[in-house]
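One structure is given here, and the rest of the page talks about it.
For clarity, chains are labelled A, B, C and D in written order, and residue numbers in each chain start from 1.
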Amino acid sequence: MTVADVSQFRAWIADTSAMLTEQAEHLTDLDRAIGDGDHGTNMARGFAACAALPDADGEGIDAYLKKVGMTLVSQVGGASGPLYGTFFLRFAAPLAGATSVGPTEVAQALRAGVDGVVARGKAEVGDKTMYDALAPAVRAFDGAASGGADLAGCLEAAAVAAAGGRDSTEPLVARKGRASYLGERSAGHLDPGATSATMLLESAARSLG
Amino acid sequence: MTVADVSQFRAWIADTSAMLTEQAEHLTDLDRAIGDGDHGTNMARGFAACAALPDADGEGIDAYLKKVGMTLVSQVGGASGPLYGTFFLRFAAPLAGATSVGPTEVAQALRAGVDGVVARGKAEVGDKTMYDALAPAVRAFDGAASGGADLAGCLEAAAVAAAGGRDSTEPLVARKGRASYLGERSAGHLDPGATSATMLLESAARSLG
Amino acid sequence: MKKLLNDPADVVVEALAGMAAAHPDRLDVDLEHKLVLRAGGPVQGKVALVSGGGSGHEPMHGGYVGTGMLHAACCGEVFTSPVPDQILAATQAVDGGAGVLHIVKNYTGDIMNFEMAAEMAAEGGGAQVASVVTDDDVAVQDSAYTTGRRGVGVTVLLEKIVGAAAEEGRSLEECLALAQKVNGQGRSMGMALTSCTVPAAGKPTFELGEDEMELGIGIHGEAGRARVPLAPAREIAEDLLGPVVADLGLARGESVIAMVNGMGGTPLLELYLMYNEVHRILAAAGVTVARNLVGNYITSLEMAGCSVTLLRADDELVRLWDAPVDTPGLRWGV
Amino acid sequence: MKKLLNDPADVVVEALAGMAAAHPDRLDVDLEHKLVLRAGGPVQGKVALVSGGGSGHEPMHGGYVGTGMLHAACCGEVFTSPVPDQILAATQAVDGGAGVLHIVKNYTGDIMNFEMAAEMAAEGGGAQVASVVTDDDVAVQDSAYTTGRRGVGVTVLLEKIVGAAAEEGRSLEECLALAQKVNGQGRSMGMALTSCTVPAAGKPTFELGEDEMELGIGIHGEAGRARVPLAPAREIAEDLLGPVVADLGLARGESVIAMVNGMGGTPLLELYLMYNEVHRILAAAGVTVARNLVGNYITSLEMAGCSVTLLRADDELVRLWDAPVDTPGLRWGV
């Protein structure tokens, strides 16, 4: 498929929620190693609330995703709440009015969402954060789109790039977020946020394509 | 030897102190099982203070043992401090003026000491306390003495009886002291105080005989 | 053993030196006798309250010395009752001519050492001494043939209430009668999630499995009456309150002073959660909580767990409870 | 995991219900937004102080709500900063027309959530909001390229001191300037003997060997800067105080407000023992302790360990410190 409508965006969030619930313990374990042991619980709680959002008749994609963003902001807390919340709030904006979207629109939305994460969190690539997964995902999506790939192909490329970015965080010494307090001891562990961001994109590839 | 002088009573206390220091962990382990885990520390601290009492020139046996009793009262605390302290204070009384003592005098002293423990603690045989070791020790001492044994023989008999009394505490349900709070769960463990009392008498057999 | 200490043998005296340094204006600490005393010497013409026991229950008793509560606390080694010399020294130091009340928890060691101290005080012809023995722990069966119940949480409430009465100028007999009344109408029960480690012993007093708890523990790291499977807080609250309410014979319409006490290693978050359960159960039983305490007041080193104490309240007790108290461990109205 | 709780997901809200039940006269608890508020509504014409953060640090912050300290505390999930909705609701609930000061500990999550709440408050055109960020933990290197230092113990001292200033009627700017001053001249460092367990995670955040400790920990059960062999209290005190004194540049003749804080699972006995070491080291350095706190004030669930906070004192700070405070967690002068 080359376009996605609101029901697929709903499916994306439902799939992400299922995935995060299943992986909550894994994410929390990653956060226990270099953080405070709450990332999986935070993410699972937040996305469960999003997945439970009532179906509003004739709702646009942007309206739905804005609600997702606001739900995350108000349900997650910690660092990941404002970051993922902002991601969805900004992701929604370029999709205003659209009822079905293709690679061009999603590229715009994804870039806006990720820019929002940077605006909020001020992370740079290599800081060992979710941005290390999101940044290459945006580039890969854009590359695939300009190469003529359909939405599924673009998201597939983004997910693969995100996974690469996630893996790249392992040797890094964290410079942002809680893991930075560990200094050198933060090296040798995957970043939990980069891991959950990868799940989000893998889920998009499954649900939106 | 059939008589003992003050230097041997000093040797008794020194030997008991060495023994208790060595066995402190064992006694504390017994107290951890059915008490509060301080009996070995308490006893070792108290007898170390007694062993460190300065030599007073020409001191009588009773004066020395009174000091031992007072030192125990003021250094041990807990249940065992007043009990062992009273034991020595009462033990000393019948020996007033004596410079060397034999089985008859020690029999009297031992009975007075043990009566003191009962007066203070109100324990009966079978309550699972130090009295379960002390009571048979007194009887055995008296028996050996009336059978004509010398001091060494009497103390040997008392120590053997004390050990038997100590072992008899294992199956008992405690009715006195801290172990009584455990109810039925106190059964199956040696009483720490009966164990230290046996050590005291074994040490007497080694030092005074 | 993982503790903040130097030589385990010095833990009590070094902690007392810390108390002295932390509260120079309000407390005098006698390091030789291991006493915590109110600064400023004896209060003339008023009954003085002396308590004490093994250390390891902080803030009890040293933290309860001050205006409106104790005049002196005698600190034994960890979990070891203090010796008569300490108690006698405290008694003499605080006597203001109106007599001294000894507040003794019902443990063989505490009873005997306080008894000997009282005998010594009587022989010395000094202070007039009366003693109250607390024995509020319903986990232990009361019987003439055994040691009887342990003294636990009610001791804290009693020290506060009788301290207020002494401050008002009541006589030694009146203070004693009030203390006996408080002890008579207060009951407690405790539980543990973990054991604790006596510094000098160096290892935990007992071991508990991941899915077990001890019901009916005291405050000396000792095992309880029964080892049972770990349960949700709401069931634990029932387990603790049930015997307390039954033993007190609390009826609908009565009111209590309630304490949910931490054993030392349980976070305040969980203690408030427990209080929520306790409050709910009492409300359902028609019992009003007139006053409450939630926190670490009578501890067992770093043991995780809690105890619940209820004291049948009346106007007099509530009034004395509300009277000013100014100690490191309890402070209000001043 | 051995804890007093029902469903781990409900621990915060159930503990707040317990707080509400325990302090009906002094606190209003908003269970929907998980807020602890002073009873009686906003204080007209005075600056209001709002703090908050993840739960698990009790008594901070909910226990510091009351006269002379905070007006509201926003309670996040355990170790998870509160969300903007909560903070906004608190801000609106306490605004008495003179502005609201947000007291934020320097963690990415706290910063962002408070920031969003302040943005929302500004959009709403309601309360005027100013924010102070505490970052006193010398275990973390301060740098423009990283997250900077964590906010820890100084937060407690700041809430007390600025709370007194707000009570005096100082303006929002004055309160903000004072808060920045306090943060600027306070430093902390902590250590852990054990980890803690986040209820929802169900297992300890890290594992430590019997002979190891973590130096330079924060308050979220996170590992510290270095794992080192367990040491005697006197050496630990040097390890913690050294960097704090150096970073503050404390000189002979200066005076401080000092806090020896327990992480939750360490008995008061050991905290007083630590205070003895801290006092000794400061005395040797010619530094006077003007005021002190010894106890559990900013905790990390049931973690065993402690932290030391020093705040360079002056007459103004000591006067504000001594001003009346009436909260569940800190109370004097009332």
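In this section, a residue touches a chain if its C-beta (ideal position, glycine included) is under 8 Å from a C-beta of that chain, and two chains touch if they have at least 3 such contacts.
For clarity, every value in this text was computed on a predicted model and none was experimentally measured.
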Every chain in contact with both subunit C and subunit D is listed here as none
For the pair subunit A and subunit C, the C-alpha centroid-to-centroid distance in angstrom is 54
Averaging C-alpha coordinates per chain, one finds the centres of subunit A and subunit D separated by a number of Å equal to 32
Between the Cα centroids of subunit A and subunit B the separation in whole angstrom comes to 74
Subunit D touches at least 2 other chains through residues 78
Check: subunit A positions touching at least 2 other chains come out as none
Among line, ring, star, complete and other, the chain touch graph is line
Touching subunit C in the complex, subunit B uses residues 28, 32-33, 35-38, 40-42, 45, 73-83, 120-121, 175-178, 180-183, 185
Contacts from subunit C onto subunit D in the complex sit at residues 2-6, 11-12, 14-19, 21-22, 55-56, 58-59, 63, 78, 193-194, 208, 210, 213, 230, 232-234, 236, 264-277, 279, 289, 292, 294, 296, 299, 301-302, 304-306, 331-334
Within the complex, subunit A is touched by subunit D residues 9, 54, 76-85, 107-109, 112-113, 115-116, 139-141, 145-147, 150, 198, 200-201, 203-206, 218, 220-223, 225
